[in-house]
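What follows is a pair of complexes built around chain A, which joins chain B in one and chain C in the other.
Coming up: the complex of A and B.
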């Protein structure tokens, strides 16, 4: 194994590792704020990548139907609760947000598919399509169960994953897509030929992470999210609404998912069911980082990318086995090293 | 109550009368038109809109059921066909496990089965009743092996799916290696949805083989194709018949240019030489299929349905002389006739069955195609 092969593998590992790191952050964020192990995180990645692919081939992304249907379901739920509380005045706002909003975005996507827009405009449309799916999913699937145990929320996550990936098969079909890269330039660095898209992936991931850090450290909403993560009951007593922090966490998770999907789609073929594998790798990264610290989770995910890259060189048939076996020693070590608090979900 | 009884009596009379009037042939077809195999199941089913209304000159009725791409449902449908509908033959399905599950029912009920997917070697009793329409993997890959031999390829790198399909293609290429004078130097594997195959491709380029064979299918097969070209691999890259579709080219874009794969003749029907034995049948089918389902909709799977029907048509002509449809004697006669069909021209190739060979296709059942300017074109 020569030095240039090592360099190639490192470069490849960092590119995929950067995506895993973004997803690890999103998973950690959602888990800290809402105690949900967010399995469908990867679906945002595949929805965003495939929506962008469909826009570029001049088709209206099928995502619009999911968005409209999701909005309609939430409108019914919210409308029913508004009527039950005898506040019919809220109905107009509910209709505007959950029915007119998705329809407007759908119209925008339709228009965008018909016109050959620039890549950035297409990405903006994809963000408008995919990001609202996060809070909609939270409202439909999780908020009614917000106080359930981690295990129940996990089972809901599995169900949501199957629903979303099944819908993905219907609206995108079974074949994969690749999108046009932001730039096709290649840089010669020693023996390496680094694609500009790989630089974009690593750079954009870094920018996202810094933005998240600034958000948590320097904004009121970010601090509210952190407070909820540290102590849910205390945060609620201090007047932070639990439903709102959940929604915001899901907006962020969906945005991170959409960004990852858009970034990775030019260098990897994405299928309707690619999301699960990508988010599971992010999850492994988050576990390697102890499921508590953001920088450690990002580092862990980067490590997953590197290990994956090297094991695909040495033993390609065993690649997934190697990556997922990593969890076992880490969990063993953590359960031996840490004091064992009683099952934590019973605390409330 | 009385009206109900009368209606029931009427219905029974009608059914009996209908059965007596038409000694029609009944064929039970089960396909996975929903579920994970649906992208293949739907074209398989589409072809049944175009098949003739008779088999061997006798009117025919096709009962088409969906098995949701699940083997247990395929077996359940097959059992319903033989017990309730008293069919003369069963056809299906579009997944290998589903088709294997059906062969059991075919053998138990002594009903001939036309399998629309390749099946692995079967026990003698099941094999006796099962006839396979598509080309075996090794027949397809032999076109690749011969082409490599003609080019003087001595070393071959392999990269394929980390599943049964990857194994099947690898085994076929490996079995053909001695007779065609090349050696396999790598056996790399990748997952269908893997975001990157850089590691595997580096290993292949480090081994510097004269050619690379990819054991993938459809758009996922483009992943190693792109990675090999990006890493500057200049040798020929061969695929298999599972890759000959449009999504492969759409995904591979410029990197897909020059990729070579074997396929059934109907995919490039217009380009076949006049002397090609299936040219007329392939061309006619492709024209009618695309008239019904849109330009560019042609695919190998619909062709298999058509060829299965062509086999039954040829066999029914013989069997009808011996027995009446709907009887065990007719099913046995149909099986014997299927085993002895000679020179049945389908859309994919020419079928000559024998007790030892229940597929009957030969080298006329495959051509090599190459991606040229974003289209699969006949490689001359």
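Coming up: the complex of A and C.
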């Protein structure tokens, strides 16, 4: 194996690793704030990638139907609770947010598909389509169960994953799509030819991470999310609404998912069910990082990207096996290394 | 309507264990009401149920409205705050962040006063100002207690519920904390105080309730309770063995001459 192959594999590994790192952060964030193991994280990735692909081929992304339907379900739920609490004045706002909002976004997507827009405008439309799915999903599937155990929430996650990937098959079909890269340019760095897309991926991931850090360190809402993760009872006593922090965590998770999908779609062909595999690798990264620290989770995910890249060179057929087998020794080592009783499972 | 809090027939159970069997209690505006009782009597459970942390049956009326169905955060927004027995601070956040988060809802509602409040809390607890950049987990026990109280004050409570604010504190700090509680009453905050230190609690309270095994066995003005021989014996450590824990059921066989004075109303 020559040096330029090694460099090439490293570059490839860092590119995919950066995307896994974003997903690892999203999974960790959602878990810390809500105790949900967020299996459907990957669906945001595939929805975003395929929506972008459809826009680029001049079709209205099927995502609009999921958005409209999700909005309608939430409108019914919220409307019923507003009526039960005898606050009919809230109905107008509920209709505006959950019915008119999705319809407006759908109209925008339809218009966007009919016109040959620039890539950035298309990405903005994809974000408008996919990001609201996060809080809608939270409201429908998880918020009614806010006090359930981790296991129950995980089962709900599995169900949500199957529903969303099933819907994905219906609205996108079984064929994969690949989108246009942000830039076709290639830079020569020594022996290495670096694709501009790789630079974009790494750069965009870095920007997302810095933005997350700023959010958590320097805004009251960001600190409220951290507080909820640190001490759930304390957060409730401080008057931080659990529904609000949960929704925000899901907005962030969906936004990160959408960004990952848009970034990965020019590099890899994405199918309706590709999301699970991609986000699982982010999950492996988060586990390698101990499921506790954001920087470690990002590093772990980067490691997963590198290992995957090298194992696909040596043993292409086994690359998934190698990546997932990695968890076993790490978990073993962690359970041996931690002398104190297992991480407290704060189930009230 | 001068009653800020009216609790009627409150019942709580943990699985099959009944922790409160029909507790009723009143807090008038601008007063300090204390609940005393032995370990395991259900004092913490009572506060948890009023705050909405625990499921309960019975009615809880606050400021004239039934709040039994409201989630905790709505009760906080209405001015009902709890400083819990376990403090429940945000250990990996700084002292100042802990305090700021106490005013979370007020900031979100766009209230102006939240920043002034921080100044007031610092004026009340200069120690917290010195430690503003320190992580809450590294504070001493007394400092934690100050922080827990400060965080609750940031929400501008109208009814402040305190669960054993003197727990594990040096006598001088206990005095400080009690003085602050009495000062809060002067600013119009009503207080529901749970204390092991019955003497100190009755010293500043207007009224008191004695809770034993999930039931109110005595209630009355603080002076009446302090003068009640049974309270004196079991909770003030006057008669009998001074080292006797408050949890001991000495009152199970009260001296005959105290019998007639039970259940002072």
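Here is the rule we go by: the second predicted complex is superposed on the first by the 339 of 348 C-alpha atoms of A that agree within 3 Å, B and C clash if a C-alpha of one lies under 4 Å from a C-alpha of the other, contacts with A are read in each partner's own complex, and residues count from 1 in each chain.
In this text, contacts are C-beta pairs under 8 Å (C-beta built on N, C-alpha and C of every residue); 3 or more make two chains touch, one makes a residue touch a chain.
Treat the numbers as computed from the prediction; the structure is a model and nothing was measured.
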Contact-wise, after the overlay, does A:231 reach chain B, chain C, both or neither (first, second, both, neither)? second
Give one of first, second, both or neither to describe whether A:9 is in contact with chain B, with chain C, with both, or with none. first
Greater residue coverage of chain A in the superposed arrangement, chain B or chain C: B
I'd like to know which partner A:269 touches here: chain B for first, chain C for second, both or neither. first
Between chain B (first) and chain C (second), which does A:241 come into contact with in this model arrangement: first, second, both, or neither? second
Just checking: does A:90 make contact with chain B only, chain C only, both, or neither of them? Give me first, second, both or neither. neither
Which partner does A:313 contact after superposing on A: first (chain B), second (chain C), both, neither? first
Which holds for A:110: it touches chain B only (first), chain C only (second), both, or neither? neither
So which bits of chain A does chain B touch that chain C touches too? none
Residue set of chain B touching chain A in the complex reads 36, 38-39, 159, 162, 188-200, 202-203, 206, 218-220, 222-223, 230, 245, 247, 250-251, 253
Any idea which chain A residues touch chain C in the complex? 220, 223-224, 226-227, 230-231, 233-242
Mind listing the chain A positions that touch chain B in their complex? 2, 5, 8-9, 12, 15-16, 19, 57, 173-178, 195, 264, 267-271, 273-274, 277-278, 309-314, 316-317, 319-320
Note which residues of chain C are touching chain A in the complex, please. 51, 53, 71-73, 76-77, 81-82, 84, 87-93, 97, 100-102, 104-105, 107, 151-152, 155
